[in-house]
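You will see two complexes here that share chain A, one where it goes with chain B and one where it goes with chain C.
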Partner chain A sequence: MAHAAHHAPVADKTELPPERSDIGLLRPDRTTGLLDWLTTVDHKKIGILYGAFAMLFFLLGGVEALAIRTQLAAPENAFISARTYNQMFTMHGTTMIFLGVMPLSAAFFNFLVPLQIGARDVAFPRLNAFSLWTFVFGALALNASWVFEVGHLAGWFRDFAWYQSLTYTDFAPANGWFSYAPLSGTFGQADAALHAPRFTGVGTDFWIIGIQILGVASLAASFNFIVTILNMRAPGMTMMRLPVFTWMTLVTAFLIIFAFPAITVALIQLMFDRTFGANFFNPTNGGQPILWQHLFWIFGHPEVYILVLPAMGIVSEILPTFSKKPLFGYPIIVFSGAVIGFLGFAVWSHHMFTTGLGPIPTAAFSLLTMAIAVPTGVKIFNWIGTIWGGRVRFTPPMVLSLGFIWMFMLGGFSGIMHSAAPADAQQQDTYFVVAHFHYVLVGGVLLGLMAGLYFWFPKIFGRMPNATVAYVASGLVIFGFNMAFGPMHYLGLAGQPRRTHTYQAGYGWEDWNLVATIGAFVLGIGVFLAFANLAWTAFRGRRCESDPWDARTLEWSLPSPVPAYNFAQTPVVATRDAWFAHKHGGPKVGALDDGGPAGVHMPSQSWMPLLASAGFLIVGLAVPMMAMGIPHAGWAVVSGLGVLFLGIWLWALEGPGGYQLVTPAATPSPAPAPAEAAR
Partner chain B sequence: MTSVVRLLKPALLALVALLATGCSKADWMVRQSAMDPKGPVSQVQFDVFMATVWLALVLFVLVGGALVYAVVRYRERAGQADAPPPEQGHGNPLVEIGLIMASVAALVVIAIPTLEAIWYMEEIPAERQPDSKLAAWYKGAVPAEAADEVLTVDVVGKQWWFRFEYPQLGLTQETKRTVPNELVIPKGKVVRINLRSEDVIHSFWVPKIAGKVDMIPGRRNHMWIQADQAGHYYGQCAEFCGDSHAYMLFRVVVLEPAAFAAWVESQKAPAPEPAPGSLAAKGKQLFAQKTCIMCHRVAGHYEASAGFGPDLARVASRHTLAGAWLDHRDPAAQAAIDAKGDTEVSAPIDPALQRRNFHDWIGSSGVLVDAAGKPLIPQDIKPGNRMHYYRMFNVAGLRETKTTLTQEELDAIVEYLMTLK
Partner chain C sequence: MSDHAAAAPTSTGIDHKKLIMWLFLASDCMFFGTLISTHLLYRKLYPTGFTDAEGHERFIQNLFDIELTSFSTFILLMSSFLMALAVSAMHKGQVASFRRNVLGVIAFGLVFLGCQVYEFTHFWQKGLTIQNSVFGSTFYVLTGTHGTHVAIGVLWLILLYFYSFTGRLRGHGGALDVEVAGLYWHFVDIVWIIIFTVVYLVEYLGPNGIWGAGLPLS
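What follows is the complex of A and B.
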């Protein structure tokens, strides 16, 4: 806070004269509207952008899912071709995981973590903007593959020499989100130009570079949140007083920084195989396809917990609020979250039970997988314990949270079934597995994230979503979801393999596939309705007071929408659930003597994160174009890297800047907010 | 309260629907069901699965019951909205530790059968070996060193079909006699399966006989299987392997041991010679002229190929074509049998359907052309398959050429193939 400011404290940043950075460039301080959103370093605005992009990509992934289900509605259906189907399931999985759930979780991290720990922003605001735009541009690069695929199908490229010389014409990724080598890699001997024969075309190159870029975004964000949570907590906010959502954010961030390096290395190896004729996974030359699986799943399994822990954190905030009771066994919930994080790195080979690991690894990974059920079960027990003896009030977030527990529990049961390797030999790669992880990721994570959206929307926008529409949407989601994925348990046990674009009549799979397809459409309508309700709320919803739920954590002590500086005075925390205690006769939330007319230090906006990220967009488009053989695409790669380095270089030289923003003066003793009378 | 009902009802309905299907036994006896084990390996896998199902059911009743009870019992009632908060209890270490111990105990219940089954599946159990030694049951020539072994089959996965070899019985690439897409094994005998791949990763899966094991290039996996009931079983590649993964099916035919020996002899024999001057004889000529012989062998007729494509010496004796995607049996007749839950019983091959399948398969992807050179069956039956798409070979000379056939030529080749029984 002690950073020297160039100007006197102001009440609004637009009062400031134009400011030049250390290298003489004009900072985008005074802009509003679109330029404000492009250059913002405010964690709240970045959170909103993360959420908006995530929900858009979520809808795109949903459309891909509906294409899959439409194709499978009837045996030997010809709605889409085998190739298109394979691209759809590849992009559905990749989109939902990397462009839907992870960024939506990141939206919550961004918006909530500084508010929950009593901070004014994250540790590195410009890095935060860089994470956001790198995610957005990585997502665009990955999805640009669809444009090329459409161009290929429509014959746009027919007259180009590079197109005519292609051996493979798949432009969108078609290897599944797991992209097993050697299908995604090479075989045989490389030619003089170091190109080895492949099984797939440039779709795979789009996937490799896209995931690599998205990994940069996730890693940058994770370091940011770890530093923020460890270093920027308000006085008195000890680790064991942290809200559970913040705890789960911390665990998730550590999971990302330990898990992503494995996929980063694997992607580089695969890229080298494809581009330079390396032999990491090329079986012809002694490469090991199984190595890809180990590297992928030592990332891929922690990734599951990266997806689910934030949702668990959200539910752990909502249940105590609407049960009017603290989380049952807070230390054990926190500890089991950490244990899940550690054990998450010790179960990856349960994705590989059918690869011939041998009995001892199979047994070890079976037992470890069963073991991870214990901390997961503990969370469910403690959520029930939280409700037990409380006073449960039904609201959309609460109903969705209860739905989360129920569906996640069912997904956990089928998970226990997979942990027994002999049973998994029948279930692996069947619809039983599809049912299992959708119960965890849709019934679990999606319901948890929807609960979080309905819970915090009043804080984010100061407006209350329509409860009736919320209930209808939630009902459609829960009903449609069970109708879509419940029957898949049967289909898997009846022998239907996953990732097959069609099936024959006569195997007994026809009826339940049709039911599942209808359920998927009900689910899709429900999700769309829920998102539409939220979008409407953001702009037009009914205004509400700052603490409509009588909630427990610090963000609810702030006005809605939250002012740019978050806390007028840095809060001083004396207990867990500090805001609830403050309102209900416990220790009061105190305040430091900062802010007021002297102002608080606010970071300057910057173009540089956006510029650096734009370099990634160019690279993400140019690398696959180079693989297509488009002339001069290699120079585009180089220039993209140039833009990236230029952005980082200017970022380093422009200086942090900053200005002092006046906040309301501290009142002698902090008065309770008007929440008591709110309902 | 109504909200709770609204929430739980769909879940319960789905569960009831699922259980209701469980009540109808026939639904579990479909062609590729993992719930209808017909051999010791699939039986063990089924037993372990059912142990986990029972455990999950018990946990579901306890945990789900506790959740429903807590939500209903502790719901906010009318007039309580403004009452002071309930007691702010933070937890109970004894309850928590007790629940953790109980969870661990519950998992031990399934861990024990799991471990037993892992080792059971890994090595052929000693008690099954004496009966299954080749010398004990196989009536035919067996090399002396194989007499004490169980029957071994090498399974090779390729995009998108399976090749089966019987090294002890002289059916291998070296002897120019292999068996594509229809694995034949003796009833009641242990068979050791070696799993190989020549391109990408595939997986060998016949749910009624055994769970899957992957076929990974550069890696030597193995498993053992045994089928205790003669008949016709359905298998499928279970690892995504590219464009036509969904079309990579196979069948397992389980024969009585004596019939198995006769089948082996039939596989070793050269293919029957078509009558001179017949349409089939012309087809035999065209088979060579139209480059079929580059990839396909016909024992006794054309043995020069390295066997990139399936051996066709007995192609007309098999129930299916094109990686078991095209079935030669009358679908209605088979459906009537299946409806009784007897999917192991096979309807006979329908020659008319078989002829049509040969015709459509070979002529597809634009191979069959009219006098003007216009493709008559432009669509792919298996997109990207190596028979119609030379591009995959990456061989410069073959890249753009495509063999085409006139109707007369195709009819002759089909006629020839129909004699290969």
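What follows is the complex of A and C.
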């Protein structure tokens, strides 16, 4: 772009006169401090912010889980009310999925993908910042419901007319993470104010707008990552040389862009039902609540793979590193991931076997669900094949990865049991299902993500986490997890229903519920210890060299922490696992003749993504307040949309900006890259 | 929007902006697919359309003004033709021709939106509301969402028209910006062809259609 040529290359942007955007506004240029973190467009810093926020929300979701388990520790317990219990399991599920696991995966996408493909940033750095802040503000809007709930319980609103006129006063979402209609919707005829009677209060409105905003963040990030992976690969980095984590990121991003529109439309329809008296799911006027289930699960089942594929990618990087072997059957792993992505869209009705779909659809979805176990099983065999005959080194990430394989497999086994519709009819809405998906999502995804954190933390911060604490934490997590969720298989088959805030004594459920609760606390302590260890490491940990694991992919060829420009010279790749081959007598990683004193193009920081996202925060708070009947809240919605459009407009007007950053000069490559590298 | 040099070669040879627009449109296919599916599922379930405030069963075909909708469909199709001319002009650097054609697209887009506003008002006066029937809900939300897409497109093209005077649209980057807007515009047009077919035209087939029997002319 023409902007790049205005100034001489510099080692730090603050050496330049302050940059003005195309419309004359001053652009932020600090590379340290709060200003930098708020306006950064650097994928590494955005990744760190994603990770930090995700871990905070993860702990919040964990506290909600412990409240649930404490309530269930004994029969007819009164630790929390039924209403609070409903809010806890709803927000626990929603928080863990949308605010914990997805953003933590996004943290890895952000930090790793450009480094693994040999790029200097993502394709749209400001859009990336927009995704981050939209996620943060959507999460805040969703959790603001707790503030209103506390205010309600404490009686803050008693004197207000809008509060006195509320029919339902549940302020935090309480419909479950799936918010099934008609419970979440309306019934009867709409009145003159276009409001039909509802079953639930504004908690549902918080949930609808919160998920809608989070969806925007996920979609924007996914468009960005697909373009980055397809378009910004270094010379020689063909698709079949991509690291598996990058491949799984690509598949996940495609799943997101095809699955999220379904929930977006479903949320719009539900919002129209609640706000304008429409009839999409209103049974009184002919709406079919079953449609909500279909639309939700057309999104909801791919969502399961959106959660698990990144963790599979992480494990596929860790196992070869610590087995000193290439990944066994790389193409098969990649194709299995893609097949899981395709089949993920064809199994949604297995969540609905008990709704009376009829024998043909039930049989078809049964078969397809069994079929999706095949690519998953292929991956597990490939991981075992990778370890087989390798020189295995035990490190915290390796232990967590092995735990991932074992625990995820157990979750897969109970999943196959669910695929048989007659068996599923017995298991529906029991703790057996809770056991199944926690084995997949905690035993699978959480262990995988923790393994990734311990594996890449030395790269992100240049500091090594304490291994002893990491082993203790991993042990507590794996042991506590099995103690918490193992017994739920039995409890479920013994008939204990899900989402029920208490149970009577005498069904034989007491002992195992107490065991599960103790296990949940062990798990909670383990996760907290693991995260605390990481937080300590980020600031005070022991410094380590740039490639402490003798790892395989390009990010390990860079110094730790990684400099702002990533690669001083664009790498030229000649083989899969290029960095490992480079170190151990294979083809060398070459370098293009760019960077050096001439500098590389760096994008300028910007306030506009933050401003546009702030519009979403206003909308996210104002829409439920409008539903509460708070005066003038409608104008707050309009002003929030105004801030959003103002942000986007100024963003378009300010121009991309940018400057030339000096990088270290090229060192002569020991061997020229082979001719095939240019392919 | 891309902060990296737009002219830099990409691995696929496709510009970042064009690729992200294709991905957005792929995603938007699922978006409209879900809305259209909702409409068709309910349409099959409730063949008579809706019941008005007086409790009379009303047939959609009597409500539709197919001549008007055909006209607005034709206008939207022709706007795509002008959009193609505008993109072509920008690629050749003929800014004056670009301005003429893009003004035509904007005008046709506004005519289409005007027809939709008229149609909504007309239907509403005839008793079809978003509250009184499932058909009303699916019809207004589906066609309204499409109308919102058109309105965003018109706003975008107006900005591009003004940018053609400020110098922002010079060179390869400018032609690319116009082409990306063109992709969006053509997509919105294609979606309307599908909506026009499955929401309007199919109502004229079958036993209740104007070529069938049994349509009460109320």
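As a convention for this text, the second predicted complex is superposed on the first by the 663 of 679 C-alpha atoms of A that agree within 3 Å, B and C clash if a C-alpha of one lies under 4 Å from a C-alpha of the other, contacts with A are read in each partner's own complex, and residues count from 1 in each chain.
One rule holds for everything that comes next: contacts are C-beta pairs under 8 Å (C-beta built on N, C-alpha and C of every residue); 3 or more make two chains touch, one makes a residue touch a chain.
No experiment lies behind these values; they were computed from the predicted model shown.
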*When both partners are placed on the shared chain, which of chain B and chain C touches more of chain A*: B
*asked:* Just to be sure I read the superposition right, which of the two partners does A:390 touch: chain B = first, chain C = second, or both, or neither?
replied: first
*Is A:127 contacted by the first partner chain B, the second partner chain C, both or neither?*
second
*Considering only the touch criterion stated at the top, classify A:330 as touching first (chain B), second (chain C), both, or neither.*
first
*Who does A:592 touch here: chain B (first), chain C (second), both, or neither?*
neither
*With the two structures laid over each other on chain A, which partner does A:646 touch: chain B (first), chain C (second), both, or neither?*
neither
*Kindly classify A:291 by the partners it touches after superposition: chain B alone (first), chain C alone (second), both, or neither?*
second
*Check whether A:368 is in contact with chain B, with chain C, with both or with neither, and answer first, second, both or neither.*
neither
_Just to be sure I read the superposition right, which of the two partners does A:86 touch: chain B = first, chain C = second, or both, or neither?_
first
*Residues on chain A lying within both footprints (that of chain B and that of chain C)*: 286-288
*asked:* Going by the contact rule set out above, which residues of chain A touch chain C in the complex?
replied: 1, 4, 22, 41, 121, 123-127, 189-190, 194, 196, 219, 222-224, 226-227, 230-233, 237, 257-262, 264-266, 268-269, 272-273, 276-280, 285-288, 291, 295, 298, 601, 603-604, 651-652, 656-658
*Provide the residue numbers of chain B that touch chain A in the complex, in ascending order.*
1, 3-4, 6-8, 10-11, 13-15, 17-18, 21, 27-28, 30-35, 42, 44-46, 48-49, 51-53, 55-56, 59-60, 63-64, 66-67, 70-71, 74-76, 80-93, 95-96, 99-100, 103-104, 107, 110-111, 113-115, 117-122, 159, 195, 199-201, 203, 205, 207, 210-214, 216-219, 221-222, 234, 236-247, 325, 327, 331, 334-335, 338, 383-384, 391-392, 394, 399
*asked:* Looking at the complex, which residues from chain C come into contact with chain A?
replied: 1-7, 10-12, 14, 16, 19-20, 23-24, 26-28, 30-31, 33-35, 38, 41-42, 45-46, 130-134, 136-138, 141, 145, 159, 168, 173
_chain B partner contacts - residues on chain A that touch it in the complex_ = 81-83, 86, 167-168, 174-176, 180, 182-183, 187-188, 197, 199-200, 283, 286-290, 323-326, 328-332, 354-356, 358-359, 362-363, 366-367, 370-371, 373-374, 377-378, 380-382, 384-385, 387-394, 399, 402-403, 405-407, 409-410, 413-414, 416-417, 419-430, 471, 474-475, 478-479, 482-483, 486-487, 489-490, 493-497, 499-509, 512, 584, 679
